[in-house]
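Two complexes follow with subunit A in common, the first pairing it with subunit B and the second with subunit C.
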Partner chain A sequence: MAKVATHKREPLVRIAKRDSMPLWQSVLIRVLSIVLALVVCGVIIYMLIKVNPLEVYKSMVEGAFGAFREDYKFFNRRTWITIRDTMMLLCIAVGLAPAFKMRFWNIGAEGQILVGGIATAACMIYLKTLPPVLLFVCMIVASLLAGALWSLLPAIFKAKWNTNETLFTLMMNYVAIQLTSFFVALWENPFGSNTVGIINPQGKEGWFPPVFGLDYMMNVIVVMIITIGMFIYLKYSKQGYEISVVGDSENTARYAGINVKKVIIRTMLISGAICGLSGFVAVSGASHTISVNTAGGKGFTAIIVAWLAKFNTFTMILISLLLVFLDKGAIEIASKYDLNDYVASMITGIILFFILGSEFFVNYRMIFRSKEKGVQ
Partner chain B sequence: MKKLIALILAILMVASLAACGGTDTATKDEAGKADASSDFKMGVILIGDENEGYTYAHIQGIKDAAKSLGLADDQIIWKYTIPEDETCYDTAADLADQGCDLVVSNSYGHQSHMQQAATEFPEVTFIAMTGDTAKASGLPNFCNAFTAVYESRFVSGVVAGMKIKELVDAGKLEDDNFDADGNVKVGYVGAYPYAEVKSGYTAFFLGIKSVYDKVSMSVQFTNSWFDLTKEGETANQLLSQGCVIICQHADSTGAPSAVQAALEKGDVCYSVGYNIDMLEVAPQAALTSATNVWSVYYTEAIGAAMKGEAVPTNWAEGYAKDAVAITPLGESCAEGTQEKVDEVIAAIKAGELHVFDTETFTVGGKKVESAFATDTDGDFVPDADEAVFDGYFHESYFQSAPCFALDIDGITLLN
Partner chain C sequence: MGNMNTLLQLLQSSIAFGTIIMFGAVGEIITEKAGNLNLGIPGVMYLGAISSLVGVFFYEKNVADPNPFVCAVIAILCAFLAAALGGLLFSFLTITLRANQNVTGLTLTIFGSGVANFFGGLLNGFSGGVGQIRVETTSKVFMAKIPFLSDLGVVGKLLFSYGWLVYVAIIIAILSQWFLNKTRSGLNLRAVGENPATADAAGINVTLYRYLATCIGTGIAGLGGLYYVMDYTKGTWANDGTMENLGWLAVALVIFAIWRPKNAIWGAYLFGLLFWAYLYIPGLTRKSLELFNMLPYVVTIIVLVFTSFRKKRENQPPNALGLAYFREER
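Up next is the complex of A and B:
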């Protein structure tokens, strides 16, 4: 305080960390940030194409949940695709959660998804004669192992020699992309296409079966099981507690008798395995093919999801849905108003900017210079 | 303080919404003007957008076709930058849901996803451009189309041949421009070692030989469909080996730019491009480019679909319907090239000249008597549909996609 007194002039705004904030307030700030972002987007869209922003927002909703016609049904194709993509993003984010909670920067989800996808595709191609249940067991085990293996290497190096895991996992992505190119060339069908094409289009071996007649219900079931499981694991298990202790302070963890190396390797194996499983969901449950675009940047988007949700797997559902909604909505307006997809990226960018900005106001408060204090 | 911020935010929101609300009536009016003369609707799935040469050509082709068929803007739904994965199927199915009668995709990799949609929506026609599985699929509502671009590749070869002849006659070539047997060296920047590419460079090579016989060609593959830098580097490699003409499979400006740079340094070398006019990047080096005129096909296919008629399962037309062309000749072209080109085109149109005439090339020193066009058992080796009859290989005859995959004498594959 003595130091403040020596200053003649106090700055106009000071920033101080908030101790805590009631839940309703933090929710309000976040909702306001989204509304404000939509307003800014609206103004920009209006300046660009002179279309009523409300119409544009309606198109965005229609893009994600289907066109509003008289015979509108909520569970139409577009809604299901939005759900499917939300589940995909959620699955990856759930996979990243334990690693990030441990302050282990797993930037390698892209690669882990790809190798999981390769493993799944390999099972679909070579083991398609197996009975369906057995085939699914093979695909799940193979994708889990592939993802785990892909994260094991950076984990061992981190635990033993304290290498930088950010760079290591990032570089593993490029190895995985090259590996995928190799398998695409190996499995390309038809020859000369440089694509694998849809695997087993006739018998649909290894495709997620419809549940209750719904094509993507299986994706929801698989991902929800993992999401709930991860929530319990992180919050109520001893291992989950160890993860948060190691994340907060490795020295504390060591003092408390936690085997830090073991925790790092174990957590990374789990993280990689679930990311590998996302590859299984992507290949078997959605695309039924494999290409270098199978991960398509979702491994990076999922990092945003995991962070914004503060590793709470249930909050992740909402954030994933929001991001997928923005993506679908932006694609729809690009198509409807004959804009190219840069507009889509712009809108998503603006909204993310505001959401991230709102975190600042949730965590800090601004103290304006008041008259009385200014006289000091 | 918090209340103040909240208040400001609230006012800002209300104000901006109110400001925007005012324009509501204007946009509604415009939508009301929609052409109700036809309830035909089509969807277009594109791998890129107008910033990418290949897709731009398709967009222009469809727009020209729409104009001549009297199709209104809101009868076409455009979907840009659709990747070659389930997004393509999702988009195709969504377009069908929106009531499209015809859905077109422009990239080869879209094909299997389009086919999946075609099985599910039998009342909608799906066209996978440049694809090759429509016939085998047995689906009446699934089609492929490709231009007979080998014809314009051949004609662009004629242009190159005229230039080589001029250079040889004027004695402008040096020793390293000839190989050991005295053939003039030609270089080709290939994409992948696949039929489409082989058919293209072989047609180009035969075009040169139809004018000047003593040539040999080296082909270097980039293993990419579009790579500006790599194509430029490959062109430079071929130039350093003494190639006089550099042609290319892909439509990037990489190779023409490299050739232009070498020409400015004093080398004797010229470029033949693909798809787009290269004169802008290589004003002196570019001779011409072989191109597709997509509007010919789109007018035919969309027109048929509008009338409720069947769209041909496999469509492949060339000069006969003016579905292929070469771009305007560059200033460096040899004297009399235009006349020669017109003569060759007329002969192709009249059916007197066949690009893959078996009299004009040999494989392993022998004339080709038999070659299959279609692969039926999935081992990637053609085993059905005899394509050699009436004295020439029938390219794009059994299916629209190119299938000529013979390695003829005089062409060396470098990788």
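Up next is the complex of A and C:
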């Protein structure tokens, strides 16, 4: 080849995609990024309150898993609340997994949770005289349908007219929030409080029953069934395969004879239904009430969980636990050192930035100019 | 006359409300036109708001006789730079480190709201007494109205009775419209958002355009936060999450305006009208009020559906919106 006169100097760093990386290396990079993030947070916290960061991290652990006293038991009340919230976040993330795997940006989990929660609360209020089993069937079906309906609209428009789903589902969240405010006003109890209050406090109709005497065991059982089910569905079923083909390339899918529109609508129905079901878990299994805070941003956090876990539902357990731990821990610091709760969002944000950045080093490698020799 | 006054009040509050989201929307339009979908707009508006507040708080506190002009400069610089720094972080993660835009944007929103409410709470704690910070000198500067003109009857009140950032917002929107459609750089920027590979082949520096569009866009959005704290809430801070909703409304407005800054001007005022109209509609109960407040979002969805429905090419979202561009992966 003739030399090009205006040949530019090769850039200092080139970036190339990695073929693969040993598991231990990718885990190491991610752990390092979290450690680095914790150091940064530690420095910030130290500047604010002048307390030894290690002391602060100890309080964080205590906030999530209970105070270390002599009679410490791991499964104390705080640990169970951490488990309960982890299960909630996990359930939403599992619901988002099929949509994201299809590269359909379902940002609407927040709204789907709320409508699922409204449906559940409606059953608890109007159908509480039904026998418990029947009541639970109604609640589950109603929340599944509500969530599915909320995601059906964006799915149909995406499939038929390629309407931007990120923006559509985002808007649906705010419609759902207003709808929730409407129902809160409708069911207000006591009058004038602007809250629904605990639903059925006496008879506990429609509350998750304790299993083995544990209040939140039922949440774990329900969510784990969904998690395992979704793992199998995505990995071993024909429909799961179709989802990944559509996600990789719609044209390939069409060429292979997959009905892309049908897959999009079906997958979004499943995704929305499970998000609706997490509204059921939130209302029936945790708060026993409904408010605009029932979703409380978890629908957005779950997006990050599902994305970081690369749609692997078991990895999602770890990431959900990490995020809930950070949240509980930061709230503990806030109350202990007289700061406000928002320190939790700040710390979560910083750690997520580091994790997001670390993905680059897992997926790409940098080639420096000086090392370059030979071919290419 | 009573009716006239009510209508005037409604229009005035709509314009004030619209100004906040107009800043956010115009900034996001510039960002999205370069192909970056930044869902961190609520976060950067938060960052802009709190930084300007912190900046002038310390200036007003440490200087015996704060100079109004310096106050304004500090507030504007802090708001713009802090928000642009948020945008820089977003750009670094999504463009250089190739992280996903949606996820990074949402994280930026979580982070921004955390930082703002955390430090806002601290500031309110510092100020003691009533437990609410107040930066009076600065907010007076921002709320200063045009003399004489604002007294000229109904017309004067309708057009000239606002703090000057209201007019800055309109000017920025018009300038952005002109920049995007009439300048060479604007054309390049849109090319980057429509088809980065082609733009790259034509010798346009895709990375640079995306960095600049995102940082300047978030900086402008940060001014929305500035207007909110200094004028709309009169130099105070409350941890009530209002700004987050405003930020999402700004994202909605981008769609409503079909990615055109000039549409964002009247769109913003229309959103303001829809937001405040409930105060003036007789017979609304609390329940129907909540349903009424859905309107801006429902209208946005309808616009979104119709633009995709009619398939007019000039009304579509930028073609590469939300997609990262890596030369090696073509």
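Heads up, the rule we're going with is that the second predicted complex is superposed on the first by the 358 of 376 C-alpha atoms of A that agree within 3 Å, B and C clash if a C-alpha of one lies under 4 Å from a C-alpha of the other, contacts with A are read in each partner's own complex, and residues count from 1 in each chain.
The criterion applied here is as follows: contacts are C-beta pairs under 8 Å (C-beta built on N, C-alpha and C of every residue); 3 or more make two chains touch, one makes a residue touch a chain.
Quick caveat: nothing in here was measured; it's all calculated off a predicted structure.
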Query raised in the report: After lining up the shared chain so the two structures overlap, which partner does A:35 touch, if you call subunit B first and subunit C second: first, second, both or neither?
Result: first
Query raised in the report: Looking at the overlay, what does A:195 touch: subunit B (first), subunit C (second), both, or neither?
Result: first
Query - subunit B versus subunit C as contact partner of A:346, first or second or both or neither - result: second
Query raised in the report: In the superposed arrangement, does A:170 touch subunit B (first), subunit C (second), both or neither?
Result: second
Query raised in the report: Thinking of the overlay built on chain A, is A:179 touched by subunit B (first), by subunit C (second), by both, or by neither?
Result: second
Query raised in the report: Who does A:359 touch here: subunit B (first), subunit C (second), both, or neither?
Result: second
Query raised in the report: Given the touch rule stated above, what does A:52 touch, subunit B (first), subunit C (second), both, or neither?
Result: first
Query - subunit B and subunit C footprints on subunit A, overlapping residues - result: 340
Query - Partner subunit B, residues of subunit A touching it in the complex - result: 32, 35-36, 39, 42-43, 46, 50-55, 67, 76-78, 81, 189-195, 197-198, 201, 286-289, 291, 293-294, 296, 334-335, 338, 340-341, 366, 368
Report summary line: subunit C contacts subunit A in the complex at 37, 39, 89, 93, 97-100, 102-104, 106-118, 121-122, 239, 245, 248, 251-252, 255, 286-287, 290-291, 293-294, 297-298, 300-301, 304-305, 308-309, 311, 317, 321-322, 326, 328-329
Query - Touching residues (chain side subunit A, partner subunit C) in the complex - result: 15-17, 105, 107, 157, 161-164, 166-168, 170-172, 174-175, 178-179, 181-182, 185-186, 297, 300-301, 303-304, 307-308, 339-340, 342-350, 352-353, 356-357, 359-360, 363-364
Query raised in the report: What part of subunit B is in contact with subunit A in the complex they form?
Result: 1, 6, 9, 12-13, 16-17, 20-21, 23-24, 26-27, 49-51, 77-81, 83-86, 90, 93-94, 97-98, 108-109, 111-113, 115-116, 132-133, 192, 194-196, 225, 375, 378, 380
